[in-house]
Amino acid sequence: MCGIFGIYNHPEASNHTYLGLYALQHRGQESAGIVSSDGGHLHHYRQMGLVAEVFSREVLKKLPGKSAIGHVRYSTSGSSELKNAQPFVVDYAKGMMAISHNGNLTNAFLIKSELESKGSIFQSNMDSEVIVHLIARAKERTFIERVVHALKQVEGAYSLLLLTEKEMVAARDPFGFRPLVLGALKNSPVVASETCAFDLIGAKFIREIEPGELLLINEEGVHSFKPFPTKPHHQCIFEFIYFARPDSFIFNHNVYEVRKSLGIQLARESPAKVDMVVPIPDSGFPATLGYAFESNLPLELGMIRNHYVGRTFIEPEQRIRHFGVKIKLNPVRELLKGKRIVIVDDSIVRATTSRKIVKMFRNVGTKEIHVRISSPPITDPCFFGIDTPSKKELIASTHTVKEIQRFINANSLNYLSLEGLKNCVKGEEENFCYACFTGEYPYPFQMKFD
Amino acid sequence: MCGIFGIYNHPEASNHTYLGLYALQHRGQESAGIVSSDGGHLHHYRQMGLVAEVFSREVLKKLPGKSAIGHVRYSTSGSSELKNAQPFVVDYAKGMMAISHNGNLTNAFLIKSELESKGSIFQSNMDSEVIVHLIARAKERTFIERVVHALKQVEGAYSLLLLTEKEMVAARDPFGFRPLVLGALKNSPVVASETCAFDLIGAKFIREIEPGELLLINEEGVHSFKPFPTKPHHQCIFEFIYFARPDSFIFNHNVYEVRKSLGIQLARESPAKVDMVVPIPDSGFPATLGYAFESNLPLELGMIRNHYVGRTFIEPEQRIRHFGVKIKLNPVRELLKGKRIVIVDDSIVRATTSRKIVKMFRNVGTKEIHVRISSPPITDPCFFGIDTPSKKELIASTHTVKEIQRFINANSLNYLSLEGLKNCVKGEEENFCYACFTGEYPYPFQMKFD
Amino acid sequence: MCGIFGIYNHPEASNHTYLGLYALQHRGQESAGIVSSDGGHLHHYRQMGLVAEVFSREVLKKLPGKSAIGHVRYSTSGSSELKNAQPFVVDYAKGMMAISHNGNLTNAFLIKSELESKGSIFQSNMDSEVIVHLIARAKERTFIERVVHALKQVEGAYSLLLLTEKEMVAARDPFGFRPLVLGALKNSPVVASETCAFDLIGAKFIREIEPGELLLINEEGVHSFKPFPTKPHHQCIFEFIYFARPDSFIFNHNVYEVRKSLGIQLARESPAKVDMVVPIPDSGFPATLGYAFESNLPLELGMIRNHYVGRTFIEPEQRIRHFGVKIKLNPVRELLKGKRIVIVDDSIVRATTSRKIVKMFRNVGTKEIHVRISSPPITDPCFFGIDTPSKKELIASTHTVKEIQRFINANSLNYLSLEGLKNCVKGEEENFCYACFTGEYPYPFQMKFD
Amino acid sequence: MCGIFGIYNHPEASNHTYLGLYALQHRGQESAGIVSSDGGHLHHYRQMGLVAEVFSREVLKKLPGKSAIGHVRYSTSGSSELKNAQPFVVDYAKGMMAISHNGNLTNAFLIKSELESKGSIFQSNMDSEVIVHLIARAKERTFIERVVHALKQVEGAYSLLLLTEKEMVAARDPFGFRPLVLGALKNSPVVASETCAFDLIGAKFIREIEPGELLLINEEGVHSFKPFPTKPHHQCIFEFIYFARPDSFIFNHNVYEVRKSLGIQLARESPAKVDMVVPIPDSGFPATLGYAFESNLPLELGMIRNHYVGRTFIEPEQRIRHFGVKIKLNPVRELLKGKRIVIVDDSIVRATTSRKIVKMFRNVGTKEIHVRISSPPITDPCFFGIDTPSKKELIASTHTVKEIQRFINANSLNYLSLEGLKNCVKGEEENFCYACFTGEYPYPFQMKFD
């Protein structure tokens, strides 16, 4: 998954992009980058690491100019190397151009082979690079026309930003897989994956960029283009379930409210006879709240998070290894002993973490542990930007709910039904993609993996 | 404030101390250190920074031996410099000795002057160093006797660990200001500030070390000494209100349960006519839960925390400065607009953060913001280990509750009453120190500040 | 300037490349990189910094395989950015390919424009990138044929190494501007800019790669190709004067011996009536020795170097700034006071350093300072790989020798004559390029600067 | 060995101390530190590492005030740990005090035991710490009197600087083992181990501080004290042979001139029938020059140094290990093949490096290698500040010259005679210590090693 941000015509362009990426950090922690334009030249910096690690005041000073785009990445296409960090910047016949892309193209490898057979050279193994090559080879007169020409050839998910010396283009694929929102910081247009980026810099949310819409942003303003034939929308329901920040407004909803309603629906479908509902810190809290509210069960903070867990923890010697989640979480023994509890999580991928958490509760004497999942079983991989593992690693693709319950050693396990899920976006349920729960992808395609 | 940890006779002594300190990180983030004994020599390492930053596998390898003590520090006495990091290690006539100290001595400067007039030299400006000097000058035959001789001369708060080549001593002052607990990892005795350190390494909690008790831990086992005349206990109530981790068991209680009961009591004393209770992430969540529960008001996650806020955030250029809490927290506009809310915090020190939080809620259109504080107004500084600022910086020492309410721009502000606070530790209320709320210190003393 | 190194079919390929680059560090200190082939895939790592800083044991472990090429860079074409660091690696229709290039192409910008007009995209602003594009677009059947096709289109200086999954190609332009030598480590072919790289890894020097020669190195051995029409050789005389390491053997000579003979020739042309010859540490020592020897003057170490000068020296506050060379060098007052001395340097570019050095000698009471330069005045920039500044910054392009003498405040200043220079490579003088002294470039070309 | 520097009453005190230490870096590369006084308080910073690594502009800003002392250390007493880095700073009854010490006390461990038995605590295992304790326990009225009282009790080598809030004291032991010089930067007194530190900051050399002299430097000026009974001088001859920088003036001589005269004397005593003299870079160059001059033999740079050898070189995998000096030095094959050479080194300690160097010459076909050492065989350890290994590790303590010649595989080996050495300081030969060549220590003492 990735997060993107752009701002046009603001004297503090790269500083605001830094802040925007900071707010979007949950969408990608592997690398971060910014490209700015001073009107005549693009300047860029990208590194592996978190936004706050990658950028210092000195680095930001070297990104001058009034326009900038940025990117945070968690690899879905392309390996985890600096060369795959974005924004990606190139020289071509008409000047310089940079791209920030969130999503995944399903025909990238086909286009790449074709372009290579004509002599093109690829620097990265990101699918985003093919878009840039297609633009560079386009013969159209204006930049926006060349972009349209290029995007007509690609297939899949993209919410993207392009920056040249003078212009910025924002685009969202016709299916609308990934979110993309437009805002304004005073008179400067801003574009971001989620509205939480606007809140941090004090920008106003204007509207979503529509599926299939392109915005050309230049000195004359913001111009909308809709050059593609209309397609049914397939917005990623998983953004609501897990990915987006709860304070964001995307796909026409506040994420927190949708997420809480998943818990409410779950409580209706799968109630539990227990003494309390225990949230697992930083994982599905809104759904947990909804579950407790609807069940009229007391919420108790029975699992405490260590606030100082960083990425640098070094597991010491062999005899005391395998801490897993233990370093992050600790159950409150006095509260849990002899009690029956429900825990609510957003999803189960491989089930190993759920298993460890149930074990931690058992270790302090919890009598019954009932697990509720605020989404249906994930049976199929995502090819549109979410970093799910291959089908065979998805426990629900090969195990029944009963088997998973046994594996994680819970007293009961229930998932939200697909119908229940759709009920939470009632009236718009046809506009979302549920392929990871159904295997019904929105269109046929062929995938090739590196 | 500080956290201490020790383990005796375990082949992975320094590794476990590392983990113990990791679990105690909330008690001090300024510096971290470990001293180990290989039976003949003490090895040590200490640095400014978090436990996970200070220690690497390589550093831990240089701390061999079967016994170790560690320390995490947030300065209360002594300035923030490496020389004041602990454990403090010295050579003296009988060999080597190290100390880890949590607390603050009120007569340290008097003893220091006296020792210096006899020719003693001080390396640090920590009050802990006087204890070491007193031990070194003691003429008693055994180490434990020399420790008793030294501790009889000091006055104030101390929960401490001493390590020599062969022995470990744990001691808690007669008033019992700071917590100190005894556990066992299989057959190895462990001592820590809080039980959460035991949970992480899988050690069993045995009992609290009593106020005025010393434990001598050596090859023959754990020996208890109570050499001081009994005094009324003055355990720090603020450990329950704010400082200790909710999953710890100290002062004979689970912290979470006491903290939640503060919120319940607060709701009884100061109800509010509102639409919802909104927790402020990582600040007073248990009390907030208690308040919502007792008030029968819905809890809503109206303020979202950015999970990736690190210590390295660099505020960029001048025009977009002063982010304060904004970088960490963001209100959910859609949820709050036009609503009346209660927020519960544990305490107000200077009131600047509360003011910013109220402002953030106002900015998204919250109609009424009622603030409840789960402790009485802090009017007086702590001289026993909590890092409160000087009296004049405590807003409640010079302003009425009404004035504070106006300063933070809340629709109402209420504190928990002192009686209400005592009610939450009913039956034991005489065993706690309330000096920061009353100015009634447990004994008369004279303080000198650097 | 740059240094390149390659090794084929050796189990420690990247380790030896690391060492080879270490020995070639004097040819470029800005960035370093290695690409290795494991037979099926290219692995690479490059960073800004010195070889010893860029590579650690961990990094070298991530460069597996039996073939590797490396590069150290001091920018001559392209700005000082990571994207311009080499080796440069790309994906193209036939697989992967990497390039290490020393030299400068004079028609790169023309080819780049042409390729871009056909839709090619450029990642860097190095001229080396055009070679890669030309290879990728070539239709020839074998790799070596495609390389020949590409090199036939470029004009200028190149000593280069290409690596694919299975093969390595070494090539030197028909003029032979830059050195390139072939050696063998047991049975593994090695190629380097200078023989000093062979000495460090214990490889045997076999022969120079000839101007216009290509070597195809694959599993069947080393194959020589000479596909270009013969041209007069223009080997860079400046490699002898300053650039190459004195212990290297290039252009059919040991560098030290040529360099010493420059000093001998200089002493014949421009003797001086002085008390002693004083070498300036790390600058022209061999020529100084030759001068002293031929003049029969005593050599005295009158200028001492601080051995611990690193790149990290931070000039402190304002009042004590502008240390320049002072931090590196200090004259021996007792030795110099009242004495007449000669100092010999290899060249004068902007004359600012020479001026500071003369001043330091004056400050300790040296009576006369005579400066001798072991090459003719540099009047014209190099377009073939040496990093000289633009013509107007070259003091000798706009000032007479007398004026330069006055600027640096020397009692006399003499340069080696062009004839004298040629005399030191007698019999082969027609094989060298003297353009920086004469402005007579070997062929006409048009340059475009970024 | 160590280097010390101090400056009094200068607005850029710590910046100049930084530069002074930079110039003295050759005297110690293990740790560096500075203590400054702002008139009321001492500020300090010390770390493991080189001066340029330890100090940044930020660190220097935190060392305010008009007086400062500094220290660079290569451990002779005390292990290599941060706690043993100097300057050492303490609080005592009269305020704060810091010490920078070059030298070694032979009765430190006796005094330490005695002080510890009275209750003193030691922080480090440096012998310098006992001086500070003795000063702290002294009852005299003024600081200089207390210093005299303390120094009367210690035995051994010390050139030292003491700094209090208001005063600075410089002292040199009665034997005068280590150098110490006085200078002035305009009106500010400066003190340093060697004059090269004065040259860098532009200070004027005034005079040596005499053996047994103390200087009290305060607001009223510089006051000389000679409180000790006169003793025969024992200035360290090894400072001339190897340790001091050639551009320094110490012990009444310019180091370069003495060092060159050692080579001249050596040539007279032990001539060689060879083709050339080859200096080994950065080791005994002045003596080599003297040897070549006196022998009338050509000097040839037959061994080339890699200028970019840093401390960070990582020897790669096992099969290509054991580079030793090879990474630093490379012989010039073409020059040496079939030749007979002399190499001159300053001393032989363990003989392992000499052996490797001879081997490198042999590998390129050098016909004969004659080794000359510009000092007598080192047979006994130094207890006065030079970091020589224990007696049994000194090859000359257990092997004859013939045996050493065989070990290093030289065609001949000759040392300078003791008489020859004395001849180079003729007229003052009684003022130097030759104990490392003779085992005749200036006074009887008992040593205890950690």
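The chains carry the letters A, B, C and D, assigned in the order they are written, with residues numbered from 1 in each.
Just so we're on the same page, a contact is a pair of C-beta atoms (placed from the backbone, for glycine too) under 8 Å apart; a residue touches a chain by one contact, two chains touch by 3 or more.
This one's a predicted model, so the numbers in the text were calculated from it and none came from an experiment.
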For subunit B and subunit D, chains touching each: none
Relative to subunit C, chain with the most remote C-alpha centre: B
Computed distance of Cα centres, subunit D from subunit A, in Å: 61
Averaged-CA centre spacing for the pair subunit B and subunit A, given as whole angstrom: 38
Residues within subunit D bordering two or more other chains: none
Chain-chain contacts as defined at top: A-B, A-C, B-D, C-D
Partner subunit A, residues of subunit C touching it in the complex: 90-93, 112-113, 116-123, 125, 132-133, 136-137
Residues of subunit A touching subunit B in the complex: 11-12, 15-16, 18-19, 22-23, 25-26, 29, 50-53, 55-57, 60, 196, 199-201, 245-247, 249, 254, 256-257, 282, 285-286, 289, 293, 298-301, 304, 306-308, 310, 312-314, 316-317, 319-320, 323, 326-327, 330-335
